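Below are two complexes that have chain A in common, paired first with chain B and then with chain C.
Up next, the complex of A and B:
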């Protein structure tokens, strides 16, 4: 059970082991309660009416007939929602969130919500939707980036002028904002280059594809207090957004996060919760609202699609002399396409003297994009890692050696500003080079690709509390929904800190009224931030236990130490008393001053960035363009793997999602601007038989800012796959692939020289 | 909406013929229920034919096989004699959906759904399968290649139902095969599907052949020119190339979310060669 830390030599009893997850039994026996699993007495069922047009002015919405239908209890339109002045902490423009939740004036994409109904049954609600008369004036639409930025494009927001431009533009456009990062002089850098790669890359939008559709139950009570139960990555975020959109006090709304069937960033915003709550407010009954799968595709938050021009120069020695990228991301019908993150991730893996990235935030008639696992990074890495692959070939250097030669390390000034602390990119590249996979032979029609990737990892507002029960067990309470096994990790870190068995610690995710604010589970922040909060809360409780022991022994508080789950007299009193276990101290809690607990509320900083390197082997069928990924390896720096199985699971999951995005997943819009593949039949995520067993290797270069060395691990694994697979296919075919997805028609065209 | 589960074909036919509104026939339900759930159709009457005993069995008849309209793909897969005689038909039916779907979905339902991309239909066409139809005016036999009129539309008249599919007996040295192209490895819909049946002489010469192709035209096609290209040959490279060219020439696909015209035509040619070889190898044992 004991594990010696290879790097620091620290011996851990629970950290780094693979115990059974606390939520596992409920999940495999079907008892876990997800978003749609809660029922309330008198509950109504809601449905949303959605625009069939990509872009249309809403001239009128007549709900009379729907309201008159027997069994209909409330009908909602934009007129029922108005932005309050309630305090919230969210970065999103709440006007956009409001308009996305329910169209006002114009429907901006196929699937945009226009009205909603709550009724005694789902079938009555469905029938009522058909009785709502919406008069549309259909407008010209645009769903493609290159068409949206063309001079003759239909303008989606007449009042939108490109921000951060000098001089200020005179005409409105579909480009919301320009941004730029970088340092050095790229022109001078390109002059020093012996080889230059320059090309345009394109990626189509992908969806997170979480298995659980958005679902919630809202209950607005007659005294103005309300509750929401929903599947979300951040119930504090849901509370902030709903309170803002309905003009409520934060303290009057209690949000509980259900178990969650995947989120991957797609559940970091609201779509249906404010609608259900407003319907409940209107009719005074609990309202359940569950999206259908086609609604999830049409009207939740897929990734941006992208167009990326990249230009990279290198000299004969294999040193990159300059890197430049210009990126256009469409974030759907509203500004905010994660263009900044994409631009910042472009060159994050490399130590460049001259580097620049320009980003353009574009709006089109598509649903408002949301985060998807390392938002922005996969597209940027696809372009840059493809360029590096081509340059390595031309220079005549091994692609891993080329990356090693230019890899970012401790002290490197990142293209986006900060200086990296200790990071582990080089270690992942070295491990890749030494791997069995990289040294294996390829078969006919096969190609191998390598790519690296980066994610920042987030910290942020976090709280946790821990209580020591009278029987010597402990309960940890956190405010970050558990998506990837974080409750198990919290229990491991608490057990390690307190010195009691893993089985004696339970972790729950508390509702918004039971714990101070915690930011959303996103950005790979939870094991880092809630983990730190848990450790600090446990240390806080240890302080209380030491003082109780001091009281029992009649010695000063500072003369008590905590080791291996016991209070021990120290200093002058060392050895005077037998060490007292946590259980013994807990048992006397009510005689020594009351319940024992600890808590932590803080802004988690000191994040450790995460880097990874992937190796992909792809085999093509030259007659059909079918691609099979025959071998795939993920190597990534985890800092410290608290629960290695869940770290490996993150690596494998990210790789599989990347394989899907690289080969077949895509949003397909017709000439009419409507989504053509709003279902899993034609939105082709990989099934089990489509992917090989993903091999993993955990590299551990501890983050010195975390008590156990944790770096977030969830996002980085999806950054390299598009590039790794693109490089593998380019080698298998003998032509550079530049468009995602690399679906069979595109591969066959490339094979045939197209 | 009414639901009816008659015990006889006559009862089913009269109920369907008498219904003034929209009707739906429920066998496996793997198309009907999905279409109802997504709002594509809203039938006034659903007639469940699974309670009609006759329709749930596979029977030998004149050396061939009569497959009831309620027989699931799983039942066909488990029928050893059928799988030996018509491996291509069985493999085509067993490619539809997942294992769970296989337990419900029927070959007759796949035909009645009338999709241009239906997996079983090119294989059934290649197999010279005939659908037995019962209706208010009596019964009739329809060759599978004549059954689908347009995408989503069969030649069935009001009140008619498919009662069974008949597959003829097999001589020695004969077999069939079906293959489709999908971007994934399973759980997908054919972008191109090719079914080929061959009947060979003791010396290995193709005596008779039939080629069915799907997803490359508004309806699945019987391509006689592709069959003629291999008849009289021992499936040499040249014959295979001619078969592929004929299959490609018969295609009139559209550009859509599942593939381009050019892609579908090229893949139809590639599959025709592969499937012909597999059918031939099976026929030669």
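Up next, the complex of A and C:
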């Protein structure tokens, strides 16, 4: 049955429906090939030696004994990797990527790679690691933000002076950079406030927790060409980084993205791929390298931990008069935490006359942080949404009404600068207010919290092609790995555009040699950007098919229209010929000029920002401090849900990850600077029995910049949970919770008045 | 002439002014002129900036057209997710 768009009245046949996912059968039958699933003849197994120290000078690395071990084919140290030209398309500083992939001079965190071995078996490689003699000079370390910015902190990079300071600092520090956004006069705004909330909030680092560890197979051939198979969110990114670190031409390196067992932002950079490739180059054999879970925790990138001071003022009428936040994010041992995004997201939900956010990028002796769903937004939202909740209580206004009164809408000057175009925050708040959940009763020891959240959504360089087969089916090729169901969405958009059944379209993710450049799957950009590219490629193919029909009919090309999967003569020729189906045109392709295809390579813009509002009910056990989330609802503007089941899945996944982060997940460092809980037994992620069924409501305020109105949905659902659950717990306990995770000991302390 | 707004910490090069005016027909030209006229901004531009044109944020600013009455904001470049 066709679906009628409620807003535009457009009738869609496939967009907005819920077809069976194309990758489902392979995944549930174990046939899908993930990063570690590929084998090659003569393949070696690699292992990485990691620093046991949080901060240490590497005085020497002696690999003689390891190299002499039977079965060892190559040993790698920093000397084998050197930054050449390239990598300019990547967001990371390549010098930092290089140093993170293999320590140079200093080990900067527990788990920092120091050397690597490729051998006939994994056990031989492990034994060889023990034969590598590394001489360290252990240095004082710091893993905590507040200690790292103290005047007596051990300095991690002697040459790092805080950037964007006036005057420029005279001494090095662990603060890489300062940034500030905002407008208006916050002091004047606070003068007008009847109520002011001011408090410090803290959040610990959380790992993305993808179920599949980083894994790759690299094969450097004797002719200087190479291939990498790996699980990644961006195989073009992997190609650029590896080519830069190994001094290769881009065209000589072909990277294929495997199926991926989760990424959530954590697979938007390289950790092991350059190591495997360099080992393969050294010994001339294919090399497989797979991280174990301990390595994933210790040496891949979690989200930053944060310290946030927030101050918000409001008048008796419930209007926010000023908002101020100062945020410190640690990005691990290298500059580049997502402080800009955190500061920009802080107040993005609200229409504020006076607003300022100051961000500080801090380095500590921890692994280099990586993106994690809406990077920076959840921590900022925790502080700001907690403040709003407290103010609503004191003003005596419903927390949703308070947000509605101050909500950003079309034309609002965002705290980070530009005016918003059409956005759907108010619609999510109104839906929350009207929901069954919000109007239900709470039980004993339960509290309810509400919070809103924001994400920009990205566009970026994108390519897609589509080929029409002789039998009238079509294959779409994209360059963005499918981490959230994008292949099904591409098929739906292609089917809708071409006018053929969903089942007749297949979508594959092509390797880097088979399709022009595509940026990484990140920032909620894929259904938007690759979706646009797919639609434009399909339109391109339709143009070819119209010209073939014109040729067959002997009429001008511009006298042919395309509708419902058929070429139709139009204008003066209308009705002269029977419409010709896509299958009929495809069948004659070889007689009318050759294969039929369409393609699109472009810079996807016109993104539509996304907002969501969450409602959380939490129940505490006052004797143990245990918290159970008893009900949870996600309401978010998707623009247009191409495949509503996938959209709901994104909402639910973001909420569950947020629940874990809010209640249990944290990086725990010992006095020695070593990570104490590098495994799922001690790093407590929620499982199904820990969470209720997450209720969802899709709001659709279409993004007019996308052919079908898509905004992108993957990031925003993790922005509100910390705030929503913090507010729920604060109401259940009767005290404001200000530290994430709100684990049982912290809840118990709050219950007991601590 | 187009009016260009900078994010707060980039405004130090303008002695605190919130915006400046210059001639530019597209985002690339805008960044080239900004870098030339305000050399203190050049390192930030080289590091990466986003340009918002009438509310649409371009993380890879290039030849996106700019009208004289366009609302232009320079923002830190965004990444991740």
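Criterion: the second predicted complex is superposed on the first by the 751 of 754 C-alpha atoms of A that agree within 3 Å, B and C clash if a C-alpha of one lies under 4 Å from a C-alpha of the other, contacts with A are read in each partner's own complex, and residues count from 1 in each chain.
Convention: a contact is a pair of C-beta atoms (placed from the backbone, for glycine too) under 8 Å apart; a residue touches a chain by one contact, two chains touch by 3 or more.
Please read all numbers here as calculations on a predicted model, not as lab measurements.
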Which of chain B and chain C A:689 touches, first, second, both or neither: first
Which superposed partner A:594 touches (first chain B, second chain C, both, neither): neither
Which superposed partner A:677 touches (first chain B, second chain C, both, neither): first
Which superposed partner A:624 touches (first chain B, second chain C, both, neither): first
Partner with the higher number of touched chain A residues, chain C or chain B: C
Partner chain in contact with A:42 - chain B first, chain C second, else both or neither: neither
Chain B versus chain C as contact partner of A:105, first or second or both or neither: neither
Footprint overlap on chain A, where chain B in one structure and chain C in the other make contact: none
Interface residues, chain C side, partner chain A - complex: 5, 7-9, 12, 18, 48, 52, 54-60, 62, 64, 71, 73, 75-81
Touching residues on chain B, where the partner in the complex is chain A: 38-39, 181, 183-189, 191, 257-260, 262-263, 266-267, 270-271
Residue numbers on chain A that touch chain B, as the complex places them: 126, 294, 623-626, 663-664, 668, 676-677, 681-682, 684, 686-687, 689-690, 743-745, 748-749, 752
Chain A to chain C touching residues, read off their complex: 91, 164, 166, 178-183, 265, 268, 338, 340-341, 344, 356, 370-375, 416-421, 455-456, 458-461, 522-524, 603, 605-607, 705, 714-715
